[in-house]
Every structure is written in structure tokens, then in C-alpha cells.
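Following this line, the structures themselves.
Here come two complexes built around subunit A, the first alongside subunit B, the second alongside subunit C.
Let's look at the complex of A and B:
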């Protein structure tokens, strides 16, 4: 049954997954073009010194929002179809406990996102290692880490809002999601998030539990 | 997991983020930073004076209350306003029997700012080592950077490869001078906009402070031996025009020194200041030919000191308590506690709980009473909602509002 649900989720998300993979691939290509441009125009010394003197983020800044946008897109592709024509009711009638069905659905989405994020981060790190020493790579990773983490609660909070059976409750859900996700976008130096990672882990944990609350309300027949 | 358990977890979580977001919004809407007066020591009046450039009539007021006009202000603070006095042709020839010349005044003037964030910031681990005796005027950016951890390594920027020959040269010099790896910290001034470069001061594993620089492409490494006088906590480089000292040294006991260079040796000279907390306090020093004007800002207020430039002994002092901030007064009435993630003395993010005082509990009681009276629900629900708001305050109220079953008691909605 788990494999069948995974297949069903793959059917729903494969187009968005492909689109997201294209977005990340486009970003990685652009990041290398941007880095090459920096080295040609500014010079290697000035580029490295910019990181030391001004803590400049050396990659295109759209990386700030890309993981979050992709997380939200995957979630919408997965859960909006469930809420139209009450398909979620049919899904919950499959021969498997409702909470286990939701766990499989959520883990499917998280696995897709993690695969995209990790592959993109590895490709970026591999390519940038030709240009920068490990200290600058670590600083870039620290800068981008909270943005990548934001993609996971972004996905889960979107699922929470989608599964929620009433529109009146979706508004405060979205508000809570926005405020929680803003904790991933605080102005900070590379590495400043080190002591804050447990808080981000808490956000992910709560975001994972939240859709179960909406499912429980859905099963109670709230509308 | 049961729905009730998730409801409680969500309630606590939303209360937490509301205890961060609501006070942050309130602070942004009402924050007015407390402005401390600008205080400078008059070398003629021999006392600290308050300067308010906004007051065009009498910008200078002594601590005893005597007011002076703008022209008098220029004359009474000749070491601060020497450029204006030069332009007016009124620069005195001598002060306290010391001959005054514009080049001398310029070379003895300096400004130093220390922010405790420098101590609590993630370190990149890469440093720029300039040539200390460049052949041409000005500082030139080198083609490499170095890391100093378990060994010293220079990395060429163009190729991103280690320069083994230069690294070995510096490693040999460090080993020969008794530098013990791994390094604890290294401090220098990487900004190229300076008259000259003095390299880095680095604390080795044994607690010895070493001076490392590059002279004519060759390593210059010396043990300063300051560990015989103090336990170094931090060093802040300042390349001053007269080259009297290398920078400011902070000891773990709260002592502040300048590190002077005399007779080819390093001498820490203490500043006559009360204990300074380098992890919390801010320090600003405006030095001139005769006196250093020092301001130390703590969470309680700002202390002003005048030190004699030659000996660094204290000649005057004044304290100003921190001006009230409207946002804090408002917070004290609305939020019994709040969370912050950023701090003025650390670049690291982590949650800090602030207790705002007893008045906000009155607001909590009022809000809890209003909820108990006007919000519908069973007796048990009313008791829970009121008690929660009584403890958690407005943050708890917003958390209840954000979740279902607070205003609407109907389980079908």
C-alpha cells in the first residue's frame, strides 16, 4: 500500500518536480556564469577580499527564495488536488490508517525536496571548490543553510493550510506559517545561525505535526 | 499523536513566535534610540564639556552649567576644532607650554571604536597579510590569503592552490620563534585604507601573543611576552599616524591596555579605566595631543573619561544614565516577557528570554477577565483560556485566536 501511495504522489508531483529540477539547474548554471563574471571583471583577489572585508554573498541572491518557492510548489501540487472534489475523503478510506497515509504523503514530498536540495548543494559546492577555498565554501553554506531549511517547513505549512477544511482557519494558518518562516530570513553573518539550528529544527517538527491537526479536523467533518 | 496533544503543541509554538514577533513589531513602531550627549575634555578649562551642535547660540556647556558661544567653543576646545581655528587664523602657538603645529595635531589625533560583537562573531578563518614595507606609497592587495589554525597556509587566489614555498617560510619562522599550534585567535586590520600595515597579533595555544607580519616578503615573527603582565582576551589593531602603539589589548580581568613598541620590545600600558567587560561594553576613544576622550557604554549608561595622552592616567570623569526608550516603557506594560533572536553584543542568533517587569501582569489580568466574561464557551474552556492568557499575556491571546475553538465554540466550524 505504501508503494501505491508513493506512486500516486509521484503522479501528482512529477511535473512540478521536473519544473523544480529545471529551476535549480538553471540557478546552478547561472551561479557559475555569475562566478566566472566576478572573477573576470573584479578579479580573484577582490572577490575573495569582498567576502572577508564586506561578507558579500558571492552567489546570485535568488537562492534566498528558491528552496521556499519550490517547497510551496511541490506542496500545492500534492495537496490541492486532494482538496478538490473531496478526493482526500477517498484517500483516507484506503486500507491503511489515516495518519500513516499522511506520513507517507508528507515523507514523499520531503524526500523529493531533500533530493533536489542536496543534489543542488553538492553540484554547487563541487563547482565552486574550483574557485574558492574551504573557508569561503563553508561561509556560503552557512549563509544558504537557513534558506534551504525554510523549504521544508514551507512545504509542510502549505500542506497544513491546504488540508485545513475551512477557509476561515486557512488565513491564521498562513499567517503563522509566514511568521515562523521569517525566522529563516533574519539578517545574519555566515555562521550566525549555528546556535539557532535547534530552533529551526523545532519549526520543522511543529510544521510536520500541523497537517495532522488539519486531517483530524477534516475527519471530524468540520467545514 | 492525538489531536489535543497537537493542539497544545501548536498553541505553545504560536505563543512562542508571537512572544517574538509582537514585541519586535511594537519596538519597530515605537523605538527611539536614547541619545547620549557628546562630551569632550577642554584642554583650557581642564574639565569635561557637553557639546550640542544643534544649539547654534551656545553649543558648549560645562558640567557646572556655564554656557559658551560657538566662537568661544572653538577656542576652548582647540584640539577638537583645530581645523576651524587654522582657517580663522586663531590656532594658539602653545597649550600647556607645548608647541602646537597642525602636522603634530594631525599625527596625534585618532579615533578608536570597539564593539563587543567583534568578540562574538563567527570567524571566516582567512586573513589578508599586506606587505608592511611596500616599495610604493600605499597598501597593495596581495595575491594570496592565509589561514592560521593547525599550521599557517597561504592560498593563491587566482589558482585556489596552496603556496607551499611561502607557507613553509612562514611556518619555519613561527616554529623557530616558539609559536605553539593550534592558534587560538588572530587579530589584524584587513582594511586596505590605512597608512601602513602592522600585520597580525595572534594568540598561540600556550597563551603567548605573537606579532606576525610580512617585511619585504619575508616573515617577521616576535613573541610580545605580554603574557607576563596579563591574560589576553582580545586584541584590536589600530594603525595610528604617530606609530606610538599597535592597538588595544583587552585582558580577561577587565583591564584595557595599549600595546606600545619601544626599544624593539612590546610594552602593554594600562588605561586608567574601571574594569571593562569586552564581551558586553562598547568603547570609543577620541585621542588628541594632550588628552584621550574615552566613552564606555554599558547597558546601564555611558561613562566618560579624560585620560592624559602621555601617561593614560585619568584626569576627569562623568557618568550619564541610559535615556529611557519609549518602546521599552510600552513593552513593560504590554508584554510580561518577550523573546529576541538578535542581540547588540553578539552576532550569533539564539533565543533570549526577557522579563519586562510586573506592570504587564495587570494587562494580563484585565485581558483574562475580558476573555472570561465575553468569549463564549463551556466553564472548563473559559477557565483554561483565562488562565492561559493570565500566564502568557497578549502572546497567548493571539495564539488562542490563531487556532480554532476559541471564539467559535461550535465543533462543526
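Let's look at the complex of A and C:
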């Protein structure tokens, strides 16, 4: 049964998954072109100095938003069809506990995102290793980590808002989501998020539980 | 004594301050086909939502196979086939994918029942459900229900949006299916002539209450329309429904036999006629 739920989720998300993979692929190619350009125009010494002395982020800045956008897209692809014509009733009528169905659905989405994020990060790290030493790569990774993490609660909060049965409640849900996610976008030195990681983990946990609240409201028939 | 499949006790529900029902009670025994009739807004879909645990009523409880609607076990859900209003299905699947998806959940899955029904449609196995007509979608939904082989079918407005051919097809399949396996069916529809062909018992809902819960045959055999020559001496009598002046005579509806109407009210010049279920419904609930 779990496999069948995953099959359904895959049918819904496969196009968005492909699109997201293309977005990341495009970003990676652009990042390599950008890095090569930096080295040609500014020179290796100035580029390295910028990173080490001024903590300049050496990659195209759209990486701040890309994981979040992809997370939201995957969530919309999964949960908008469920709420269209209230098909969620059919899903919850399947002979499986409702909370287990939702867990499988959410884990499917998270697994897709992690696959995209990890593969992209690996490809980026592999390519950038030709230009930068390990220390700079580690600093880059620490800078980008909160943005990648933001993709997961972004996905979960979007699911929360989608499943919520009333528009009146969706608006405060969206506000809570924006406030929570803003914690991932504070300007900070590379590595300064290290101490903040438990808080981010808490945000992810709350975001994971939030859709269950919407499901409970859906099952009460709140309109 | 037949097993009770559906049991609703003292259901009271409001939308905001608008009363939908108060103390609604009914039950459905195994093997029965029960039709829920009512005008728009009397709460037909509401009761289906309550039965399936998608709406918490203000008071009261419903049970399916003895289990409370808010906590149906997976095993009980597997015994219930649900058709949502408008034949809603997971429209992103194609014909083959949706069968593959559902087949994993039901141990008694009858693939051949689904494909036998689908062979009658001019659709390929890779056609997406979202690109199908309403009639074709209804057959996909029905095929999935037959393949699931549930003991109880709950159908919300199954005739909605279907042309007469598809409606007839749906009714004939349902009848055959119910008769073959002693299945219990609980359904609503706006097209009452379809119900007449199908249902054993009728519940007729009025705003806030059940107006009538009787076997269909009893209603068809006993409920009559009377044409009376003059203003009636029956005003305020609760044995007559929807009494109104039509042209130069009066019309009323009643379960009383003609002889009793004539004797009780001293009327001699009365005409009466038997009714279809649709006419009986109009007689009981009024035109407005």
C-alpha cells in the first residue's frame, strides 16, 4: 500500500521533478560559467580574497531561492490535485490509516527534494573543486545550507496551506510560514548558522506536523 | 434478522445558524438499496459526508458495520465503496494507472470487472481520466467500485451530469451488481425516475427532518393524487400533502385509499391516480 501511495505521488510530481531537475541543472551550468568568468575577469587572487576576507558569496545569488521555489513547486504538484474537487476524500478513504497516508505523501515529497538537493550540491562541489580549495568549498556549503534547509519547511508549509480547507485560515498559515522561513534567510557569516541548526530542526519538525492539523480540520468538514 | 450496515442516531447539524437536521435517525439493513431523496439544500451530501467521517455533526453519531464514522478502521473502509458527487476521481491517472493504483489496496480486487466495463467505452488504456467525458468518467468510477467488490456502496448523486444512456447503463449495472452479491447500496440522486428503477427503500428529506422513510413499493402502491371538485374540508389534516387549487378544481396527495377519503370527508366526485416516484416526491415535498 505504501508503494501504491508513492506511485500516485510520483504520477503527480514527475513532471515537476523533471522541471526542478532542469532548473538545478541550469543553475549548475550557469554557476560554472559564472565562476570561470570571475576567474578570467577578476583573477583568482581577487576572487579568493573576496571570499576569504569579505565573505562574498561566490556563486550566483539565485541559489538563495532555488531550493525554496522547488520545494513549493513539488508541494503544489502534490497537494493542489488532492484539494481540487476534494479528491483528498478519496485518498483518505483508502484502507490505510489517514495519518499514515499523509506521512507517506510527505516523505515522498521530502525524498524527491533531498534527491534533487543532494545531487545538485554534489555536482556543484565536484565542479567547483577545480577552482577552489576545500576550505572555501566548506564555507560556501555553510552559506548555502540554510537555503537548502528552507526548501523542506517551504514544501511542508505549502502542503499545510494547500490542505487547509478554508481560505480564511490559509492566510495566517501563509504568514506563519513566511515568518518561520525568514529565519533561513538572515545575512550571516558562513558557519554562523551552526548554533542555529537546532532551531531550524524545530522549524522543520513543526512544519512536518502542521499538515496533520489541516487534515483534522478537513475531516471535521470545516468550511 | 439482517445485519445493520448503516446506523445513524440523533444526528443534528447546522451550517452556521441554518439547521440542516435535528435528531435524524435511520438505519439500512444488509442487502437493501436505499435512496435518499430531497430538494437542493436538504442535506443529502451532508449525510454522506457525515457517514464517511468527512464532517463532524453538531450532535449524534453514525456507524458503518458497527464502527463509529470518525474512527473507521482500514478493514471497514475496504468494505465500503465511495462515489463522490460528480464522479470525482484521481484525474491525473490514465485508465490503466488508476486500476494499478487501487488494486494494491483491496485483497478481493476483480481486475476483469473493471476492464469488462471499460471495454464498452471508446477509450484507450493510456487515456487520461481528465480528458474523458463525464459519462466515461462515471464508467471508470463504477468499474473501480465493482473491481473493489465492496459490501456497501455509497453513491453521492450518481446521475449528476450523465446523459440518459449513461444513466440507464449505470442503473442497470448497479441493479445487477446488488442482486448478485446481496450488496447494500446507499445513494442519492436528483433524477428520481432512476431511483424508481433501483431503490428498495426511500428516505425523503425535508428541510430539517425526514419526511418519510418507507419501501418504494409501498409509496408507489399507496400514495395517490386526488382531484377534488371543491374547497376542501381537509385543511389542517395531516393525512394530506401539498393541497392546492389547480384551475377549477383542487389537487391533493394522500396515502389514504379513495374509499376512505370519500367516506371520511363525505366526498363523492373525486378522481384519483397512482403516481410515479417523481410525482410522489413532488406530492410530498411540494413544487417550491
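The working rule: the second predicted complex is superposed on the first by the 223 of 223 C-alpha atoms of A that agree within 3 Å, B and C clash if a C-alpha of one lies under 4 Å from a C-alpha of the other, contacts with A are read in each partner's own complex, and residues count from 1 in each chain.
One rule holds for everything that comes next: a residue touches a chain if its C-beta (ideal position, glycine included) is under 8 Å from a C-beta of that chain, and two chains touch if they have at least 3 such contacts.
Predicted model only: the values in this text are computed from it and were never measured.
For the composite obtained by overlaying on subunit A, subunit B and subunit C can both be accommodated side by side without a clash. When the two complexes are overlaid on their common chain A, residue A:33 makes contact with neither subunit B nor subunit C. Contact comparison for subunit A: of subunit B and subunit C, B touches the greater number of residues.
Of the two partner chains, subunit B and subunit C are each touched by A:220. Of the two partner chains placed by superposition, only subunit C is touched by A:97; subunit B is not.
Once chain A of one complex is fitted onto chain A of the other, the partner contacts of A:201 are absent, as it touches neither subunit B nor subunit C.
Residue contacts after overlaying the shared chain place A:18 against neither subunit B nor subunit C. By the touch criterion defined above, A:80 reaches neither subunit B nor subunit C.
In the overlay built on the shared chain, the residue A:183 is in contact with subunit B alone; subunit C does not reach it. For the superposed model, the angle subtended at the Cα centre of subunit A by subunit B and subunit C works out to 140 degrees in steps of 10.
Once chain A of one complex is fitted onto chain A of the other, the partner contacts of A:115 are absent, as it touches neither subunit B nor subunit C.
Shortest separation of subunit B and subunit C in the overlay equals 8 Å (C-alpha atoms, whole Å). Residue overlap on subunit A between the subunit B contacts of one complex and the subunit C contacts of the other covers 220-221, 223. For subunit A in complex with subunit C, the residues that touch the partner chain are 1, 3-4, 7-8, 11-12, 81, 85-87, 89-90, 92-97, 218-221, 223. Chain contact summary for the complex, subunit A toward subunit B: residues 44-49, 51-53, 99, 129-133, 135-136, 139, 142, 166, 168-169, 172-173, 175-176, 179-180, 182-183, 186, 188-196, 199, 202, 206, 209-210, 212-213, 216-217, 220-223.
Residues 1, 3, 6-7, 9-10, 13-14, 17-18, 20-21, 121-122, 124-128, 141-143, 145, 147, 155, 157-158, 160, 190-191, 341-342, 347-351, 401-404, 411-413 of subunit B are the ones that touch subunit A when the two sit in their complex.
By the touch rule above, subunit C contacts subunit A in their complex via residues 15, 49, 52-56, 70, 74-75, 77-78, 80, 82, 84, 86, 88-93, 97, 100-102, 104-106.
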